[in-house]
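Structures for review follow.
In the two assemblies presented below, chain A is common to both, partnered first by chain B and then by chain C.
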Partner chain A sequence: MNELVFFINNVVISGTVTGSIYAMGAIGVTLVFSIMRFAHFAHADMMTLGAFMVLLLTTLFPNVGAVVGLPSALLLLPIAMALTAGAAVGIDRAFYKPLRAHDVKPIVMVIASLGVTLMLQGLIRLFAGTSSQSLYIAERKDIFRFELPFDLATRNIVVTEPQIILFVFVIVAVVSLHLFLSRSRLGKAMRAMSDNPDLARASGINTNTIVAVTWIIAGSLAAAAGTLLSLDVAFKPDLSFFLLLPIFAAAIVGGVGHPYGAIAGGFVVGFAETLAVFNWAVLLRPFRDSLPEWLDLPSNLALVGTEYKIVVPFFILVAILVWRPTGIFKGKVI
Partner chain B sequence: MALLEASDVHGGYGGMNILNGVNMSIEVNEIGVIVGPNGAGKSTMLKAIFGMLTVSQGEIRLRGEPITNTAPNKLVHKGMAYVPQEKNIFPSLTVQENLEMGTYIRPQNFRRMLEQVYEFFPPLREKRRQPAGELSGGQRQMVAMGRALMVEPSLLLLDEPTAGLSPLFMNEIFERIKTINAAGVGVLMVEQNAKQALAIAHKGFVLASGQNRFTDTGEALLNDPEVAKSFLGG
Partner chain C sequence: MTRKLPIRELVLFAGLLVAVLAVYGLMGAAYSTRMLVEAACYAILALGLTIQWGYAGQFNAGVMGFVALGGFCAMLFSVPTNPAFWNTELPGELGRVLLYLVAAIALVYGATKLDRLGIPKRLRTFIAIVLAVVLYMAVIGAMREVTDEIESRAGFIGGLGLPTWVGWIFGGALAGGIGYFIGRICLGLRSDYLAIATLGIAEIIKAFLKNSDWLTRGTATVSPLPWPTPGPGELGFVLARAIYLSITAVVIAAIFFLLYRAYYAPWGRMIRAIRDNEISAAAMGKDINRRRLEIFVLGCILMGIGGAALTSFNSIFDPQGYLPLNHTFLVLVMVILGGPGNNLGTIFGAVLVYIIWIMSEPLALSVMHAVTALGEGWFGWEVGGNLDSRALQARVFVIGLLISLVLRYAPKGLIPEKVPQYD
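And then the complex of A and B:
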């Protein structure tokens, strides 16, 4: 039974955490692509920027959370989301809009976003330093242990407070995004512009408004993903840069331009990663006695070592680009 | 006062002129038809009117108001609607969502205009929850025209509305255009099926090499032996 608990802790919970973070990042990447038709490489650092805003605010007001009994970082997250959304709109105005006005090729936009990523990394390092810092400044991280109602299970299922917050937040974010895109006039106009920008303009849709709304959604989701990830582990200036590959893999697996695909893709990549680094030997251990003598059970049966986790999204990316470049939901081919 | 008046319009893409002085005028509630050989600048003229390419010389007026080089989204507010020849629907949006985009600028008109458009194109009512990209060519054309009508335009620009349609659908679309016009909408359309189009036209414009070759009423152009010989295939 303890093996099952180990599986739940290391695959089910850990995969859901990783998947949720990837999904929130991939939604932003896919929305930006569907409206502006370029791969936004600065997206991961936009996540770090959001977490950095939370770090700043929490350092300024370390005790606000105590008032309502939530971590201060979480209470200040909406403000950081708004600030990051504003920063995203500002970055667009300053760096991407002039290029769009000149009708440049998408690759020029991609290179510009690489420039933005370097700039953001530099800025964040300048203010936050290079070491890792906890977003729990005045509080302790709550850890919940759930016992299984079986005698054989002596170990507990362990979920931390930020993980629970993350699960709730992702569900709320996905449902609100769905309602926004399918019910609201602005959301439908966004889908219309993604389908056919010229016709959207010919219908009187102000494309500048749609672009701004896209950045607001992408920026605030990025801030939330970065913050919730930092709450779960710790804030580092290179926290999300290494998530760029899995996030793009998630967006492409789900079909670029499909927000629902990005969510599915996020979980596919997240679970693929955790399953690949999971030590399957643990699950085989109970059957050790029934195995033949000559078969010696190795102590580690993971597909790849944890330190090589990044190859998993890379292989998924290569495989999907070779066999199904439109992704599972038939998106656009970059 | 003319609904639309274009005088001596020059323009094209990237410095290359396609239009070399086109003149056009249609009155309120009229159907104007632009015909001519390939490359004559028919579609380009529609795009020039709808602000989709730069007019380098000449003037375009809507009810007397100069609209030369006005952006498309502003022209929609002035009561103009445009249906491109290709890519004229939002394929992943449902039929009803496509139509809703037509009233994007005036959401309060949505329900009223929706009823009107469903009356013009009854098949759309049945398919309203289906993504527009899954419809047949004729029904897509209905969605495209329906979206434009939702704007409640005083002038409807149609770029080859019957292109690629079977003769049966073609007749249906021409019938619809007559009905739409009878409801008080001015229409300016580019058409390959010159004879059929001129038959419903109040005004006809025969373009060649970016200039007017013949300009007259639809009926007069149909009966002009010279027009018939060189542009209507005898």
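And then the complex of A and C:
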């Protein structure tokens, strides 16, 4: 039973955590893709930017959280989300809009977003340095242990406070995004624009508003994802290229331009990563005695080592591009 | 076609010459020659990117990976052999595992063809996947044993002790091979996917080289790498570097000449036709994906050669020294600032941007020190540690800003591509 608990701790929980982070990033990427038709490479740095703003605010007010019993970083997250959303709209006005007005090819927009990536990276590292910092400044991270009601299970299932916050946040974010896209006027206009931009414009939809709303959603989700990731581990300024590939893989797996697909894709990539680095020998160990003689169990049965984790999203990306370039949910943009 | 005097080019290159001479005057001959050699290696990389981006409109965001592959080949072929490895039974063991690998690939490939024997396609896919996973685990397990043994007994497998130029050629070939694999998958799809995939493969190549201690010594780095020319120990820094510079100059001249011929040949016209209007090119019966693949692989080969030349010159193979900023985005700036699709402009951009890049390091440090001194004097700021490493991050910002500004205000670069007009 302890092996099962180990499996739950190392695969189910950590896969859900990674999957949620990737899903939130991939929603933003896929929305930008479907409205503006380019791959937004600066998205991972928007996540870092959001987390960095939370870090700044938490350093300024380290004790707000104690008032309501939540981590200060979480309480300050909405402010950081608003700031990042504003920054995203500002970046769009300053760097992407002039290029859109010149009607450049999508790949030029990709290069422009790489320029924005470098600018954000440079600024964040200039102010935050390159070392990792914890977002828990005045408090300590709570760790919950659940005992299983079996005699054989002596170990506990371990969940930390930021992980629970993350699960709750993701559910709330996904439900509200769904309601926004399916019920509200703006959400419907967004879907119309992603289906057919010319028709949407002709039927009187203000494309500038739609673009701004897209950036607000993408920016605030990115800020939340970055902050929750940093709460769980630590704030690392140079994570971006390692986050970017899984997020793009998730968006493409789910079908580009498909927000629900992006959520599914995020979890697919997240679980694939954790399953690939999990050492399967641990699960087989209880059956060691019943295995045939000639089959001796190696000590390490992980598919890839942790240092090659980035291979997994790449492999998924390649596989999906080879077999089903539209993604599992038939994306709109190929 | 009337030939005008190319005033713009002459002025720009004269300015560049003045800048180079100024660096010589300020920093001394040895330092400046080193800078020129590195700029020349970067020019090879930039030529590789300019044919991908300028000729064909493909954006490769993983130049770093191909540079690292070239550097790895330069290291593997030129470093002296390691007797602690070759005089044992370890090479045989390694060869056995590699044979297993080949056999496993052949088996899996065979399994994907099982439907020819009348097995249903779903069952075939299932068999192929299961077989691939099992064989993969078996080969990886065997590989781990051998590589651990190599690491503990011999350190790493060492080089092959061949002349350096062999490594450069194989570096180009290996980079081209990986480029072929990426291009086959991505070039038929949206142009963004190529950028994503190359970004990923670059990080994977770096991770592989960094963690394969048996092959590359990983973070322990391999040095010194031999030069194709007499080293500084025999001739002194300036002369040795000048000879190296002349070799890279010959390589650039050869590449430049071949590209010039190709650009004005029917092949070049076809490539530009595909870039400018895919649909009409396809309607004229051009095989778009095949041409795209050709040009992508060609660019990757040049990047491999350039990376090999750069790594040989630095005389140290350090997988962690390959950074996206230094080896991808710097090259990108060189190309888009100099003039994508214009080889002369690309070389101009490479030298200019590299001079700015090298000179910006002392500049950033002095600006940062001045600012903190002012801050302390006027506002009493507390200055944190690791200031110098932070100051260098300002360069990241500047490169990003440069990319954005060039795209906005000079999308054709300083020396734009000249499209010949036939009246």
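Convention: the second predicted complex is superposed on the first by the 329 of 334 C-alpha atoms of A that agree within 3 Å, B and C clash if a C-alpha of one lies under 4 Å from a C-alpha of the other, contacts with A are read in each partner's own complex, and residues count from 1 in each chain.
Going forward, a contact is a pair of C-beta atoms (placed from the backbone, for glycine too) under 8 Å apart; a residue touches a chain by one contact, two chains touch by 3 or more.
Every value quoted in this text rests on a predicted model; they were computed, and no experiment measured them.
With the C-alpha superposition on chain A as described, chain C and chain B fit side by side in the combined arrangement.
Once the two complexes are laid over each other on the shared chain, residue contacts for A:328 go to neither chain B nor chain C.
Once the two complexes are laid over each other on the shared chain, residue contacts for A:199 go to chain B alone; chain C is not touched. Of the two partner chains, neither chain B nor chain C is touched by A:148.
Once chain A of one complex is fitted onto chain A of the other, the partner contacts of A:188 are limited to chain B, with no touch recorded for chain C. By the touch criterion defined above, A:70 lies against neither chain B nor chain C after alignment on the C-alpha atoms of chain A. In the superposition on chain A, contact is made by A:317 with chain C only, not with chain B. Of the two partner chains, neither chain B nor chain C is touched by A:137. Look at A:121: by the touch rule set out above, it reaches chain C but stays clear of chain B.
Seen from the C-alpha centre of chain A, the directions to the centres of chain B and chain C diverge by 90°, a value given as a multiple of 10 for the model superposed on chain A.
Counted by residues of chain A touched, the larger count belongs to C, out of chain B and chain C. No C-alpha atom of chain B lies closer than 16 Å to one of chain C in the superposed arrangement. Chain C meets chain A in the complex at residues 57, 59, 61, 133, 136-137, 141, 144, 185-186, 189-193, 195-197, 199-201, 203-204, 207-208, 210-211, 324-325, 329, 332, 336, 384, 386, 389-390, 393-404, 407-408, 411. The part of chain A that touches chain C in the complex is made up of residues 38-39, 41, 95, 98-99, 102, 104-108, 110-112, 114-123, 125-126, 129-131, 241-242, 244-245, 248, 252, 298, 300-301, 303, 305, 307-308, 310-311, 313-314, 317-318, 321-322, 325, 333-334.
Residue ranges on chain A touching chain B, taken from their complex, read 185, 188-189, 191-192, 194-196, 198-207. Of all residues in chain B, those touching chain A in their complex are 50, 52, 71-73, 76-77, 81-82, 84, 87-93, 97-98, 100-102, 104-105, 107, 147, 151.
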